[in-house]
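Chains here go by letter, A, B, C and D, matching the order in which they are written, and residues are numbered from 1 within each.
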Amino acid sequence: MLLLTTDILSQVITPRPLLSHKGNFGRVLAIGGSLNFGGAIIMASQAAVYAGAGLVSCATNRANLSALHARCPEVMFLDYHDQKQTLSAIQQNDVIIIGPGLDLDDFGFELLSLVLTYAKEDCPVIIDGSAITLLSQHPFLLKKLKNKNVIFTPHQMEWQRLAQIPINQQEQATNLIARQKLEATVVLKKFQTEIYHPNNQIHQLSIGGPYMATGGMGDTLTGILAAFLAQFHNQDSIAVIDAAVYFHSYVARELSQDNYVTLPSIICQTIPTIMRRFAN
Amino acid sequence: MLLLTTDILSQVITPRPLLSHKGNFGRVLAIGGSLNFGGAIIMASQAAVYAGAGLVSCATNRANLSALHARCPEVMFLDYHDQKQTLSAIQQNDVIIIGPGLDLDDFGFELLSLVLTYAKEDCPVIIDGSAITLLSQHPFLLKKLKNKNVIFTPHQMEWQRLAQIPINQQEQATNLIARQKLEATVVLKKFQTEIYHPNNQIHQLSIGGPYMATGGMGDTLTGILAAFLAQFHNQDSIAVIDAAVYFHSYVARELSQDNYVTLPSIICQTIPTIMRRFAN
Amino acid sequence: MLLLTTDILSQVITPRPLLSHKGNFGRVLAIGGSLNFGGAIIMASQAAVYAGAGLVSCATNRANLSALHARCPEVMFLDYHDQKQTLSAIQQNDVIIIGPGLDLDDFGFELLSLVLTYAKEDCPVIIDGSAITLLSQHPFLLKKLKNKNVIFTPHQMEWQRLAQIPINQQEQATNLIARQKLEATVVLKKFQTEIYHPNNQIHQLSIGGPYMATGGMGDTLTGILAAFLAQFHNQDSIAVIDAAVYFHSYVARELSQDNYVTLPSIICQTIPTIMRRFAN
Amino acid sequence: MLLLTTDILSQVITPRPLLSHKGNFGRVLAIGGSLNFGGAIIMASQAAVYAGAGLVSCATNRANLSALHARCPEVMFLDYHDQKQTLSAIQQNDVIIIGPGLDLDDFGFELLSLVLTYAKEDCPVIIDGSAITLLSQHPFLLKKLKNKNVIFTPHQMEWQRLAQIPINQQEQATNLIARQKLEATVVLKKFQTEIYHPNNQIHQLSIGGPYMATGGMGDTLTGILAAFLAQFHNQDSIAVIDAAVYFHSYVARELSQDNYVTLPSIICQTIPTIMRRFAN
């Protein structure tokens, strides 16, 4: 087990090559946000923009369009009920987030199936929130993970559902075996978040804290993770995932010096200035 | 009668335990916001998020969805006309606000009845604004307060309606008797707000001022109150209510040094930094 | 002709009485904002809140609801097509703005007629933008001004239409005569804006400048004017109108030190801090 | 080939004449923004306001209204499906932007045809994004450019489509010939953006960088370009275009000192203060 340090940020967040354009920093697609949970996918999408993805699209319920653009006009919109457009977006994007604010119903399941079936083979797919629970409820979908590049971002209860390990038995050795079965990366969100990598390494955060305990925090993480994978695609993906997870808590820790709670939407706005520190 | 001081903030706003997650800081449900008065429930919900509730849901008119998420994507949305969802939310949340921007009609009455019938027994229910007036109009509902943990937040005219005490006769002794009949906490909003506690103590503010005299100020108070009750649930609830009411005016007083009026939405944004001062 | 100075701000913007509540600072109703011009009435309403009105309602097209509350949740909403609600609001508010973003059609005319017929006798009615043009097109409405307390806020072209004085003949003596016929206050917006008062005094600004030449600037003025009349209702209304008009340009001049253009929405946000300077 | 320097900003961004009003700073019409790509035209419109245009209208999909006014109430709205209103706006505005977030369909083509047919003869028409691609797909439209004052703002792939020059052959000499055929100004967006002027001069930026590589960056440029052409219409248009393009990258470069990415919406908000530096 390796404890991550700020070095991972200096290593990954590097100056951009001069000769580059938005295409070089990747296309991110965020799928989720039902009528009830639209804020989640809005936060994920906005975080992806603020963390440096080249182009970000949000496939969500039509009801979320106005708030999405009121907060972040840089994001492109897709009505996720338009299957043709959604399928085409799944096939063309470089990194996909699925789950923030998705409903636990047949339609959510359909979207998840589409992603696991049609995403480009090397496309990192970040499976979060309800999408994790849907996968737990439809375990035959797990076989679709084999040839995919999946990153799960469960909190402990979602990990219990997915890996069938009760929270009080979620020891690193046990989690490691569950990860191997999934053939995926697992970011287990908890006090001192653990990252289980495909090479069976376990990396852990020593930062982050209870000032982050607000709904929406994980949605923001998925956006940062997607943006880092999209723009730093030439780097070692283990380091990139480590850096994204570390960075999310790093921003929160910075904000916690002046804020009792560090809200996801405030973290989001702070991303560009804090990333700047690490690319000189 | 006890005059509250800043000590109440240091006492209640304490560092969070390291091993904690959003579930530990409570689920708040805010119900209200008709087509005409959506801003009220948006402000209440946002204040609950900014004051540290773990999860906040807003049950309101569908028309208010876009503005809710444009201002605060951390809040989850419920269409309050969807009775099944609303009932389920009432049964599952840890603190409920009802009243900001609610219409004075049969539907408002129905929602209030649902809350008083189905809220968890120990669930603090903050009854504000129109919900107070509705209760005054339907006094048979008062018997439902017996086994509930209700906090009323009337201004003086609403208190006149509820307690049937004309404003110019609202002396502490008289108010105390009315509170006893209600078997509830009463936060009487006025110049030097008074708090009538279930143990018959009367606590009073010496801070706050006319810079707070803007529509929406009380909505923001309900959000802070809900968040404090949700996250500081292990503390003495009398102190927690005192702290929330005091804190609201404390933030306003801070802002008043540089602002002629201290608008509710500006108070809201300032909450996390001022709470931070009291948790070192 | 009197040239106004900063003294007018110190005179009018005074500390609020300690024993006061939002009712003491007046109810403002802003009517306007068609599908095409919603931003205008949103800016007028928001400026009224930020300049200290106790309660602000906005009667506008339903299409403008989300943006109104996304920008300023303190404002209450009315669908101006709901004639019953609109009429009731006209009868109950203390200051009325009509015109920002109103369409030049039969419906706009109807709303203007309602206001001029049903506003409380002493209710200041600020007639701006399209409402001025509508009045020019329906001169028989002018007789309704007799017993009303009307403030016109035309720019020079609107004044040409209303007073039938070509722009190049808008001399103070000529304008004064036109004002007398109208039996109203006229705020003639131009380089060095002139205010024609009911007592036939002419007061003039020496501040303001071309950094203010952006669409929406006048809408913000109506909001400030309404808020000043609402909250400073115990003061001499000539001084209050002078102060509101002066203050609007004063804020812009302050901002112009750091901004090439001083946008109406930025002016709005700056109001509370600049008002604070004058109430010590 | 001339390398532009900061001198171009001091030359063009000059103090405004004291005796002026919003009409003097021009009317800008921005056309675009389908259901999917509304953010683009919102950013273009807002940038035009913040960069000093006197009046800005946005002709877009009705779905974009709420977010438009939530972000920038100064902009007037047109439903671009209302052909009568749209045509009238095309005929009356002083500068037109067409393309940001326009769909590549028959309706987009119709709008482009309307603009090229009915815009005032001396009206600068900024053709961006999808509108460039539409023109490439319907080359017979090119003949309509003859008597128009068109500025193209392609990135390299759009230039390849329009000029039929593969990206790796986009040398200045080749581009120059293509520009001559188009009888238009071409702003070729790339590392060190090149501006091909009607007098066959080629001006080039040495500023700007990969921190600008985010979707929406070009939309913001069109807004600044339109505002500069609208308000500085008495100046040499070659200098004005140079200044707008330079200014856009100049703001980004300033922000890049503290931000890893310089998002279009953040650039927009920074415009007025940075313009101020050049007009003393």
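In this section, a residue touches a chain if its C-beta (ideal position, glycine included) is under 8 Å from a C-beta of that chain, and two chains touch if they have at least 3 such contacts.
Keep in mind that this is a model prediction, so the values were computed, not measured.
Where touching is counted per the definition, the chains common to subunit A and subunit C are B, D. Both copies, subunit A and subunit B, contribute mostly unmatched positions to the interface they share, with under half of the numbers common to the two. One finds 34 Å separating the Cα centroids of subunit A and subunit D.
The distance from the centre of subunit B to the centre of subunit D, each centre being the mean of the chain's C-alpha atoms, comes to 49 Å. Across the assembly, subunit B contributes residues 66-67, 70 that each touch 2 or more other chains. On the subunit D side of its complex with subunit A, the touching residues are 35-40, 42-43, 63-64, 66-67, 70-71, 155-156, 190-191, 209-211, 213-217, 256-266. Touching subunit B in their complex are the following residues of subunit C: 13, 16-22, 24-25, 49-50, 52-56, 65-70, 72-79, 85, 271-273, 275-276, 279.
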